[in-house]
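One chain, chain A, appears in both complexes that follow, with chain B as partner in the first and chain C in the second.
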Partner chain A sequence: MDLSLLPQAIVSGVLASGLYALVSVGLALAIGVIGIVNFAHGEFFMVGAFLAYQLFVGFGFDPLLSLLFVAPALAVIGALIYLSSIRFVLRAPELNQMLLTFGIGIILQNLALLIWGGDPRTIANVPYRSLGFQVGGVSIGAVPLGSFVISLVLVAGLYWMLASTPLGRAMRAVAQNRIGAGLVGLEVDRVYLVAFALSALLAGLGGVMIGVIQSPTPTVGLGFTLKAFAIVVLAGLGNIRGILGAALTVALAESLVATLVPNGDALRNMVFFAIIFVVLVWRSRRVA
Partner chain B sequence: MKRIIATLVVALFAVAMAQGVTIGVLSPLTGGAAGTGQAQKAGFELALAEINAAGGVLGQPLEIVIEDTKADAATGVAAFEKLMTEDGVEFIAGGYSSGVTLALVESFRTFQPVVSWIGGAVSGVGIDGFDGIEELLGAEPWFFHVHPWDYQNTEASTAFMASTGVKSVALLHEDSAFGGPGAIAAAGLLQDAGMSVPLVEAFKSTLTGGTGDFRATIAKAAASGADALFWIGYDSDVVPLTSQIRELKYDPQYIFGAPPGWPSEFDAAPEAQCVTGLIGYLPNLPNAEAKTFLDAYVAMHGKAPDNYMAALAYAQLWSYADAINAAGTTDQDAVIAALQNGTFRSPMGEWSFKPSVIALHQGFGSEMWNVFQFQDGVREIVWPLARATAPLASCR
Partner chain C sequence: MRGLTRDLVVTAALAVLLVFLPAVLREVFGRASVSYLSLATNALVLAVLALSWDMLARTGQLSLAHAAFTGAGAYTVAVLFKLTGAPLWLGIPLGGLAAAVLALGLGSVTLRLFGIYFAIATLAFTEVLKAAVQRLPTAVAGGAAGINVPALFRPTFVAGSMERWEVAFLRNQGYFWVYAGLLVVAVVISVVIQRSRLRAAFTAVRTNEQVAGVMGVNPARMKLLAFVLSSFVAGLLGAVEAHRLGSVSPDGAFSVHTTVLALVTPIFGGLYTTLGPILGATVLAGIEETLKRTFSEGYLIGYGIVLVASILFMPRGLVGLGSKLFKRGGASASGTTGERA
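Here is the complex of A and B:
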């Protein structure tokens, strides 16, 4: 165990938590407001990553500029998916909902395979992708720092929207009691539509950042989807406010294990599954 | 009555002869390894078109049935059993992923078709407590392994490393059946060649559920003080790994990787500069077959192959066609003998099946490998020197 790497591990973990929070908060929104577990959430990241790639290849757009185009595009895609399929299963058994979103994920993956092929792609010219600053012997990467700041701003914006705007209050009301919200005049179906589109938009923004860090592939969302589910479970299903803390816990734990334990990077997935296991057992004992 | 029966028998025989030969192909067309599977498919399509344009097999058009394994063990076994029971094929081609291959061992033994296999490099040779593919299938007379074994890959990698003059190497590897055994073999061979290996460290590949944050692993490599970095992983790991090496100011003399392929457009990325890699086929290989293959591939698919598996698949299907034509029959023993005794052409040069450590029929060996280096957006061959198109440059 090389403790000299500890400061780097902490900084890397904290910075990674921003992106983890961003990819998780959209999933939490879908679960919390609409009550649907969206297994296609990772494919929204993938679509966001590929759109950023396409905007780079077609128009030379920097991924930061792509954010402005990818966000509305994913909102539209999310809305279309909601209108064409999700809204029909809202009262169906949960298994049907899960199968539907799982199927949507497979369709999106295979569409990406048809359009972009299976080869990993590269947004080739990102001048800041390899940029790092040394602060007191610790390296801070421009991309992790940038994605951390952007993610925090977006998640904070979402919190503010939920707490302080009529739309946010409507979402919270619908989440608490769908029938009651309808009885007092809220257009429940419209709130669901906006929530699902917003969930897809947030995933798409996360996807652009993933497209910078990694090669866009039809399965690029897989690793982040696993993390997002772990963080949502850790925060409490549908608890949007708990996402930041849960993301920080998972990211820090992973970074510390990856750095301080031999072959620790290979244990990353085990770390978050262990966290889920402990939290679920602890919660069930507390309830009992 | 006898005349009618005789006529029917002749007619049935004629129909059977006219049906031609069908080869079953297992390839990961979708899923995380789809890039490699699609490359294989493109290579098979080109070979199939050429074989049939040249008269086919036994005077009939050759056919292939491609089944998608998704690089998933259970899917791969189901796909193989479908080829055996529904399609009734007697010859199997394709192949990718050591994990899928290991899962297929018992099914292969049950049905015993002729299997010519591109992927699945994990031999198991020299690793205690682990049965690899060469150990499990190598002695079967119907099994032909086309791709070099892991120790042959490592022999080439080690010989390249030794040629650079570095004294120490940090070894990073992804943690599945592909990278783990390869890293153990590599560490031993590097030490045998006189280099120290201060770090052997596993990481979670982006292909197997990782998120591409390799900073902890890279920080360990930097702290090890090794002269060179040698990593074994997948093509989707290339961008995060090379960019984070620069971000963390890790400055090894050489960055050497052995993924199955390299991401599209990575050549133009600034992170690519000075990165070296092991590859079986490159368009600028100095042999006439490489150029012929490239021209035909571009004419059919509109771009050069990104993944050497296209060239391997092309070579594999041609070897089947040549062997069946040489045997003059689809009788399995005759085809096995023809594969065993034949010499085949390929974009990587002439090749044949020879015994390896355990296997009776091993296709390409360490001689297939080349090391290239990204130099100003071009993949220059830097090793072996006889095929080099440019001298090796240090990253420092």
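Here is the complex of A and C:
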């Protein structure tokens, strides 16, 4: 174990946590407000990444510019999925809802495989990709830093929206009591629709950024679904406030294991799964 | 118990049918029977996979870890023949046992997880197992590249007395019979569950665990029993599949594809029944073959669409649809009430 790498590991972990928070906050929104555990959430992320790639290849759009196009596109995709399927299972057994979203995930992933094939896609020639600077032996890349800042701004925006806008209040009311919210005149169905579209939109924006950071394949979605689950489960299912802390914990744990444990890079995924597993099992024991 | 006898007679008839199917295909289709036989084998694989998943689902545990147990079976076989000179047919039962032991371990940890939480934990488990196998010493588990597995059947070409394609036919026929045997094992387990008090116990645990406890059913024991039985069959299947494919690798053996097939098929055919998974497998194997020929990548999209459509339009699957049609037509449904065996 090489402790001189510790500062770098911590900085990388913190920078990654922004993106993780962005992905998982959308999942938490769907769970908290609509009560749908969306197994297709990571696929929104993947779709965002590939739309950014397509905009780059087709029109030479800079990913930063693509953010403006991917956001409405994902909101529309999310809304369509809600209207065509999710809406009909809101009162169905929990497991039917889960299987439905799992099926939607399979469709999205394989649609992407049909369109783009299985090879990784890189958004090449981004001028700021290799930019970065050094602070006391720790290198900070412009892209991770930028994605961290953008993600935090978006998550903060969501928090603000939930706290102090009529729409946000409506979402919180629906989350607390669906029937009560309906009784005081809220259009519950509309709120659900907006919440689901917003959830897809946030994931899609995260996807654009990962499209720049990595070279994604159409199968990255499941991995991000699981990462988001790890964070959401750690924060408590449906708890939106706790996401930031949980994302930071998970990202730091991943970064520390990957950097400090010999040959730890292959263990990255295991960290998430270990967290999911331990938290779920520990919670269930405490309840029992 | 009369129901059980009837079901076992039907199972025996099915077994006889499967024994003679290859010969019939050969007579009717000649050379083309080679590919028909492998299509039929795929249907059998799918049926066994689906039936084993359904056994677990009967206790309300919707597993996203089925690939972990087929993978455990496959790797047991692969490591066994890599390290020792064990007899060729020993690997299959050992693969089943290894998967059952693994299920006992996982099951006793996840006993208290309900519904969604169980699903999330099992999905995570598969990935952990895959990563663990990848990290085992290459000398034992072959690393990311995997291990070669000896074939169960190596028919030799005898010039003059047979044609070239008959070698492939004999090979396919061997595997077809092995899988037919597996299907019979799975059906017998499933039928015994459905026709004994276990069915009531499983259903009670699925619908309301607290009430089940009050009624004198031990939910923990029932869930573990279902998990072990289901995984044992899945492990056997994975072990045979390792022989048939000739090699195992972490990505292939623990693929999400396996889990997807395992859960879509019974949902499409009809959950919590013996007939449903088999019916679903028969239809889906045909659809899959067509899709695979049309698209090289992404053919799984068909399964996604089937899954979504089943949940939205026929939550009780083909079996539910069938019994509804029968009742509407006024035909006597041979005294079945609600679910069929």
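As a convention for this text, the second predicted complex is superposed on the first by the 274 of 288 C-alpha atoms of A that agree within 3 Å, B and C clash if a C-alpha of one lies under 4 Å from a C-alpha of the other, contacts with A are read in each partner's own complex, and residues count from 1 in each chain.
Methods note: a residue touches a chain if its C-beta (ideal position, glycine included) is under 8 Å from a C-beta of that chain, and two chains touch if they have at least 3 such contacts.
Just so it is clear, the structure is predicted and the values come from calculations on it, not from any experiment.
In the three-chain model built by superposing on chain A, chain B clashes with chain C.
After overlaying the two complexes on the shared chain, residue contacts for A:139 are found with chain B alone; chain C is out of touch.
Judged by the touch definition given at the top, the superposed model places A:66 against neither chain B nor chain C.
Once the two complexes are overlaid on the shared chain, A:111 sits against chain C while remaining clear of chain B. Looking at the shared chain after the overlay, A:284 reaches chain C, while chain B stays out of its contact range.
In the superposed model, A:8 makes contact with chain B only, not with chain C.
By the touch criterion stated above, A:147 is placed in contact with neither chain B nor chain C.
In the superposed pair of complexes, A:226 makes contact with chain B and with chain C alike. When both complexes are overlaid on chain A, the residue A:98 reaches chain C alone and has no touch with chain B.
In the superposition on chain A, contact of A:272 is made with chain C only, not with chain B.
Clashing C-alpha atoms with chain C after superposition occur in a single stretch of chain B, namely 96-104 (options considered: 6-14, 96-104, 240-248 or 366-374).
The residues of chain A shared by its contacts with chain B and with chain C are 109-110, 113, 117-118, 222, 226, 263, 266-267, 269.
Residues 37, 85, 88-89, 92, 94-96, 98-100, 102-114, 117-118, 222, 226, 229-230, 233, 263, 266-267, 269-270, 272-274, 276-277, 280-281, 284-285, 287-288 of chain A are the ones that touch chain C when the two sit in their complex.
Within the complex formed with chain B, the residues of chain A that make contact are 2, 4-5, 8-9, 12, 16, 57, 109-110, 113, 117-127, 129-132, 134, 139, 141-143, 210, 213-215, 217-220, 222-224, 226-227, 254-255, 258-259, 262-269. Interface of chain C with chain A (complex): residues 60, 62, 64, 109-110, 112-113, 115-117, 119-121, 123-125, 127-128, 131-132, 134-135, 256, 260, 263-264, 267, 295, 297-301, 303-308, 311-312, 315.
Every residue of chain B that touches chain A in the complex is listed here, in rising order: 29-39, 174-175, 201-204, 206-207, 209-217, 219-220, 223, 235-236, 238-240, 242-244, 246-249, 261, 263-266, 268-271, 306-307.
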